[in-house]
Amino acid sequence: METVVSIKPLLASLVSLVAVIPIVLSGKRPNLREGWTFLAGLIKLGLVVSMLPVVLAGGTVQYTLWEVLPGLAIAFKADAMGMLFALIAATLWLVTSAYSIGYMRGLHEHSQTRYFSFFAVALSATIGVAFAANLFTLYLFYEMLSLATYPLVTHHQDGEARASGRKYLTFILGTSIGLVLPAMLIVYSLTGTLDFTAAGILSGTTTKTVIVVLLLMFVFGFAKAGIMPMHGWLPAAMVAPTPVSALLHAVAVVKVGVFSIFRILTGIFGVDLLRTLGLGETLCVIASITILAASLIALSQDGLKRRLAFSTIGQLSYIVLGAALLSPKGMVGGLLHIAMHAFGKITLFFCAGAIFVATGKKNISEMVGIGKRMPVTMIAFLIGSMSVIGIPPTGGFISKWHLLLGTLEADQLPMLVVLLSSSLLNAAYFLPVFYRAFFCTAEESLFPAKIEEAPAWCVAPLVLTALISVGLFFNPQPFLRLAEMAVQFCVGG
Amino acid sequence: MEMLLAKYNYWIYVTLMMIGIYAMIAKCNLMKKIIGMSIFQTAIIVFYVSIGAKKGATIPIIAHGHGVAHEAVRVADYVNPLPHVLMLTAIVVGVGTLGVALAIAMSIHEKYGSLEEDEILERQE
Amino acid sequence: MDNFFIAGGVILLVLMLLTLYRAIIGPTAIDRLMAVNVIGTKTTVLLIIIGMLFNWVEMFVDIALAYALLNFIVTIATSRYFQHHKNLCPIGFGIRHRKEGARK
Amino acid sequence: MIDIIVMILFGIGLFSFFSTTVGILRFPDFYSRMHAAGKGDVFSSVVMLLGLVIYHFHHPSLDGVLVAIKILMISLFIFLASPTATHAIISAGFNSGVVPWAKPKPEEDKQ
Amino acid sequence: MISPEQYPVLIVVTPLLSAFLINILGNMDKRFCYPATLLALAGSLAAAVGTLCRVANEGVIHYRVGGWPPPFGIEYVVDHLNALVLVVVAGVALVAAVASKRSVEEEFPHKITQFYTLFVLLTTGLLGMTITGDAFNLYVLMEIAALTNYALIAMGGNRALMASFNYVVVGTIGACFYLLGVGHLYIMTGSLNMADIMTILPSLYGTNAILVAAILMLLGAWIKMAFFPLHGWLPNAYTYAPSATSSLVAPLMTKVSVYIMIRVMFSVLGATYVFTVLPVKELIVWLATAAIVGGSLFALSQKDFKRMLTFLIVAEVGYMVGGAWLATERGITGAILHIVNDAVMTLCLFLFSAIVVYKTKGHQLSNLEGMFKKMPLTMTAFAVGALSMIGVPPTAGFFSKWYLILGGIDAGQWQFVVALLFSSLVNAVLFFRIFEIAYYEPHSDHHGHSAPVAIDEAPMSMLLPLAVVAVAIIMLGLYSGEIVTTFIQHAVPAGI
Amino acid sequence: MHIFYSFLVLFAFWMLLSGKFDAFHLTLGVFSSLLVAFLSADLLFHDRNKSDSRRWRELRRFIAYLPWLGKEIVLSTVHVTYLALHPRMRELIEPQVMHFKTRINSEIGQVVFANSITLTPGTITIQEEGGEFLVHALNRKFADELPGEMEERLLRVFGDEEQANG
Amino acid sequence: MIWQFDLLILALGVLCALASISLKDLLSAAIVFGAYSFLMCLLWTEMGAVDVAFTEAAVGAGVSTVFFLAAVYHTNRAVKPRRRGRLLHKLVGLVTAACIGLLLLSATADFPTWADPNSPASVYLSPFYITETIPQTAVPNIVTAVLADFRGFDTMFETSVIFVAGLAVLAILGSYGRRQRDYEPSPTGQDAAHQSSIVQTACRVFVPFMQLFALYVVAHGHHSPGGGFQGGVILGASFILVAISYDLRVMQRRLRERLAMLFAGLGVLIYAGIGALCLVLGANFLDYSILHTILPATSPIMARSHGMLGVEIGVAFTVMAIMVIIYVNVASHGKSDRGL
């Protein structure tokens, strides 16, 4: 275990924040502006990747920026878990940026400069969360992300956007201020520190009741993870432009939520503590309720994006469930699912966006026969769905496999049942979309049988992510390696 | 009786202060409030000056060349000058506040044509 | 002799109390003004008496003089009031109208 | 000797002030009260101040003389200022229309 | 030349002397006023910073005015607590003065001289209140600050007049209560020097008179700071005050009063007396809780932007008073830190409201419509202030709240903790409502380009201070640790 | 010239007030008197055309007039006392307002006259406008006495030579 | 202290206070309040606080009453009889007053007996002032010495308070600084109402003496009661007397408002400037003893005495000017034309 002190984690986070300045300044010249975005994205990815060897070798990259108060520092640490997440985020930002260009220009959206700026800020915050070395830093970037995504969610600035923006903030800020902050303060006043450590910091400091309360506060407090009943913002936030939804649902926001929960469970509570107190089961129950309920609701949604949203809610709880199993395999599965779901879901959202750009349709019932018109998009959609359902040969299979193994390892057979039935449900709400798109008679089809895809800037990214999803099945490295290392580190290998 | 003589000054200052506070709170007329305010301030001055009083002492001006020149000054002969100094300040502050309060009251009257608090509030709506 | 002065002062004060009765019951503002003016003049005397009792009149004469001056100013200022506002009994509240209080 | 003179002067002053007070309280109208206030006031004050001046000559000295002169100055001021003030007050009353009291006679009912 | 020994007195004397010069110069040509004011306040700030550095290096500084030894003459004591507050007061005043130029010229062009003279004198009063070590001197300065304040508020005309009048009445009661309290201490101890009183007092702890003195002084301070049940005068006064006034008065007046309360608690009565002998600790924390909740709820119900901010001040006062009375080290640290942070935050918000008034001639919430489009930079700076009020890291507001909540947890005063969180939530609702209003301009269409809105930023003299304040909020947040370890931890009385 | 006279008068007044005859205080006195003389000489000597000898004569005669006035004051006090303490006071008085025109021309003379009327028994000056006097008297007797002896005496003080002798 | 007087005066004072807050006629209330102030002045003299009494006579009783009258003149004189709904106010007022009263009364039990020579206040700080005044400052009037030297800093701010008050009145009421500074010509060309020549003449003669008396009070503050404040107020009152007996315009010919404001600023500037001079010469702020280096032929002790005189002159300037300014603005409602 070597520890490298380097400013890289900070830079990786800052680079997109700094990029905001040239983006704003070049607001009048779109090409230059997007150029900056790409440049920043590349630098960011480069920085993240440059740390990969150290992390893969079992080391960490650490950097303490500033000790704000005694025992309360803004500190960064790139370890396996953070690396895993950062890698996903950095990669997907590039892809999403490319997609955004196609989508935004395709629809002639207003205020694109603002859009790209806040996008960059959001990414900065995401990487910050990934590399946070303590709860305080995590919280800081978590809040930053909440605020940066608000203008994105309400991009359209109409009444609907207003209502959902309000809902978004109510959930996100309300829970983070009302639950996470006090929980964090209580932890701090109990232990005097907020650093993430392998064994957790809470063991032996307080009673079970307090631990349970804290746990619940954290799990529900990180509302970005969408654990029911804190999921209400997610479907509402679907009013945002699709790249934003993609970002929210696949990359940044929700993943930050589950990642934070992961961090808390391993770094603050510690697996051993949770295990001794038997809190894993409680969490499992909470997660499984969300999984099933969300899947069922998703079945009944007609809006494509809404259906995807409920799907996300369910999938997120897979990750939480993985963590809650407290078994190595399960946790690996959970972490892997962050990656796999990200690539799968982003493909799906890109597809939804591409459909909207090309046809202006939002509802599934209006998409009969669309496959004939946009075959590339819809095939990518199929791949994405397969990944989310967990059908080989897609990455989703790998993570679900680990999760299933985890339930066995933890002797949680009911969870096995939950996982399997939920997969069935997933299939039940995704495959009909595909079916309608392709398998219909010419009369039923609502679209002329002429191939007319969305702009190339839209299609290329979704093809890419779909391909990555497939590729991850065959070679899940480095994510698998990172996940295993992270779990090994926390479970006390 | 002993008690009465020993402390009556303090009691009376309390009485004056109560009158002042009552006027400031209960009176509707702004001028009355100002008068109450002045009474209140005077009550405090009574209090302080009473602190400075000393039995058998004369005013705090040293009898310079008044028969007892340059002898050792006997402390017991002179009342405590410090409260007097403080109260000079308080009086001046009082008149300052009075001036400002009157000016504001006059502006209010010019604006709303009344000095009665409730009427002014009505007319503000 | 001090006792005599104290007694004199006390009598003066009691008489001032009586005068104050006029100042309080009025009935008109100028009646009060008159009474207050009388009280003021007597206070000047009382100040000198207090000086006598402190056995050090020099220090009190200035105050008495200033007092007399300012009492005069207040009286003149009040009388000035009536050269513009020629009403003794402003409308809106009841003064017990005596014969002499009646308005022209 | 001086004490006795002072006492007498003081007594006169107090008595006239007493009658002034009684006058202020008893006289029927504003104008007549003004008579009491204006005249008795000056006289009683000046007399008492004179008494105090004389008392000061117990120990004649330069300081004592100066103080006596100052007290005289005060009485002079009262002597000049009081009638002026009386005049100011009564003219204020007249301006604002105080009607002089008249003996309640049957033929003067027109008021 | 003048040695660093003399810095403490220069902090106060520089603006004092300048005030009269400004008045004289202004009578000749009113264009002199503004630069002269800035110069004076900058001088004061420089002296304050110099003093702060000396305090950091050498510890507490005593300065004898007139050269007389302490209990007899007046003494200036600059310790770790007030060195900090001094810099804040001087700094905030300078920034507010810079920003005042346009709104003064607009709101009362004929009274520029008077305004700036009063402005500088108000600053002098506040600085003097902070620096003095003499209980009575504090009263005199309190009155200077109060009188200037009345006048500055009343200059707003119309409804400001009645507000100002109420303030005069209430403010006088407050100041007189303080004076009476000092009188009670004086009659029992015979001294007026704070440090001196504190050494004499322990032998008198049991007496009723000291109890009454404590109650009176605290009541006085509470009235001045608009602590919850006594806050009635504040909202109107600050709402209808001219904007240049409110951006000076709102950040400083309540904070300095809180400082005075802390000074009275720890440097006159003594922490032991306040926390162990007086049986009111819990009660006051409950009142503070009520202040926070009440202030927040009232703020929520306002349609007037500036009025909403004033109710937030009421809530913030609850933070500080509650924190100081938690009687835990971290609570007091939080209260002191919040004095600093809140001054800067409030300044930010009121500077923004000054800009709003200047640009739109009103301070209703509806005046803010479309602001993000029209003045993006201004809104960004305002957003920083708003986030700080909500308590989002790394802005300053988060850290003081952090300490306050920790203090509440340490003291086991959970209701206070809950109230703080509640008020954070309410602030979030409030400010995001404002953001919403400012963000959704009424005429935006669904897609495509809306009519381009000409960017119409505030004039530089208003925007620059606002930006500086916004940066300061973040810097204060980042440097909170430094502030706490260098200054505040020395200011918290030992043995709590 | 007026300033100089004012200065002299004021400086004398200062010495009486001060009672300190060291150089420091006298210097202060000189400065103060000069200042006030400069500020307010026109108030003290209003009528600039009056000759110095006339001023002097008026002052002399005015002082000679004072004892008589003193006697009148005593009388008036006695009278008021008598009235105030008389049990049936209301029957004794018969207030009335009367007016007359005086022959005194000088302003200061009229003022002294008015104040003298106020101080003497039973009469008070209500208004005085360019020699027109409005006087309140307690009863007819006093009203009838005016202007009477007092005017004669004051004419001797303030009147022109021929008036005084005539 | 003479307790017989004390008791009676206090009783009178309470009566006056009660009367002045309950009278329905504001003019009468102001008059009675003036009497109250005069009685308070008497009370303080009787307790030995001559300087306080002097100030109260000048400021509290004299000038403030005039301010009150002027304010009443420009506003409504009658207090409206209350229709309804004031009961609650009265109740709140009574309860608050009673609570505060009880609180304060409960404290009096612990106080040392009134006028006890051994009370803490009398034995702790004051002996220093009493014994050290002459050796350190050569000023017999201890109050002046404490006021202008030992606690000179307080006094500087006190002067500033006065300055602030004047400025505040100007800022609230005044039209000062506006372009239309010319006096409004009154319709008839001359005031319809003016004081009778009797009053005018009497005042005319009094004014110079009054001014000299004021200067005397300032100059002799070291030896007898009085000083800058008292002298300044009387000086100001003399101008007010001109305004009352003649006209505001006549007064303004002598002392323009602009000039008065200059004086006011100058006065405090003199005070603070002397303090700053000490600072520049190397001593602490307001440490007059250092002034002996620039004053010819004086010892540090005499330098203190002279420093105090300088300071008192500054105070007098300010107080005089501000009293005039407040009067002008209050009496003419900021128009500075005709006035009361």
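Letters are used for the chains, namely A, B, C, D, E, F and G, taken in the order the chains are written, and counting of residues starts over at 1 for each.
Note that in this section contacts are C-beta pairs under 8 Å (C-beta built on N, C-alpha and C of every residue); 3 or more make two chains touch, one makes a residue touch a chain.
Since the model is a prediction, treat every value here as computed from it, not as a measurement.
Listing every chain that touches subunit E and subunit G alike gives B.
Among the remaining chains, those touching subunit B and also subunit F are G.
Using the average of C-alpha coordinates as each chain's centre, A ends up farthest from subunit G.
Distances from each chain's CA mean to the overall CA mean are smallest for chain E.
With F-G and A-E as the two chain pairs, more C-beta contacts join A-E.
Seen from the C-alpha centroid of subunit C, the farthest chain centroid is that of A.
Subunit D and subunit E have CA centres that are 58 Å apart. Averaged Cα coordinates give subunit A a centre that lies 71 Å from the centre of subunit B. Inter-chain spacing, taken between the CA centroids of subunit D and subunit F, is 16 Å.
The centroid of the Cα atoms in subunit C and the matching centroid in subunit G are 20 Å apart.
Counting partner chains per residue, subunit D has residues 20, 22, 28-29, 31, 34, 42, 44, 63, 66, 70, 73, 77, 80-81, 84, 87-88, 91, 100-101 touching two or more of them. Contact with two or more other chains is made by residues 17, 19, 114-115, 125, 127 of subunit F. In subunit E, the residues touching two or more other chains are 136, 140, 143, 147, 150-151, 154, 180, 186-187, 192. Inter-chain contacts, as defined above, occur between A-E, B-C, B-E, B-G, C-D, C-G, D-F, D-G, E-G, F-G. Put simply, subunit C touches subunit G in their complex at residues 6, 9-10, 13-14, 16-17, 20, 23-24, 26, 29, 32-33, 35-36, 39-40, 43, 46-47, 50, 53-54, 58-60, 62-63, 65-67, 69-74, 76-81, 83-85, 89-93, 95. Subunit D meets subunit G in the complex at residues 77, 80-81, 84, 87-88, 91.
Of all residues in subunit B, only 58-59, 61, 63, 66 touch subunit C in the complex they form.
Interface residues of subunit G facing subunit E in the complex, by the touch rule stated above, are 103-104, 106-112, 119-126, 128-129, 149-154, 156-158, 160-161, 163-165, 167-172, 174-175, 177-178, 258, 261-262, 264-266, 268-269, 272-273, 275-276, 279-280, 283-289.
The touching residues of subunit F, when paired with subunit G in their complex, are 6, 10, 13-14, 17-18, 20, 25, 28-29, 32-33, 35-37, 39-41, 43-44, 46, 107-108, 110-111, 114-115, 125, 127-129.
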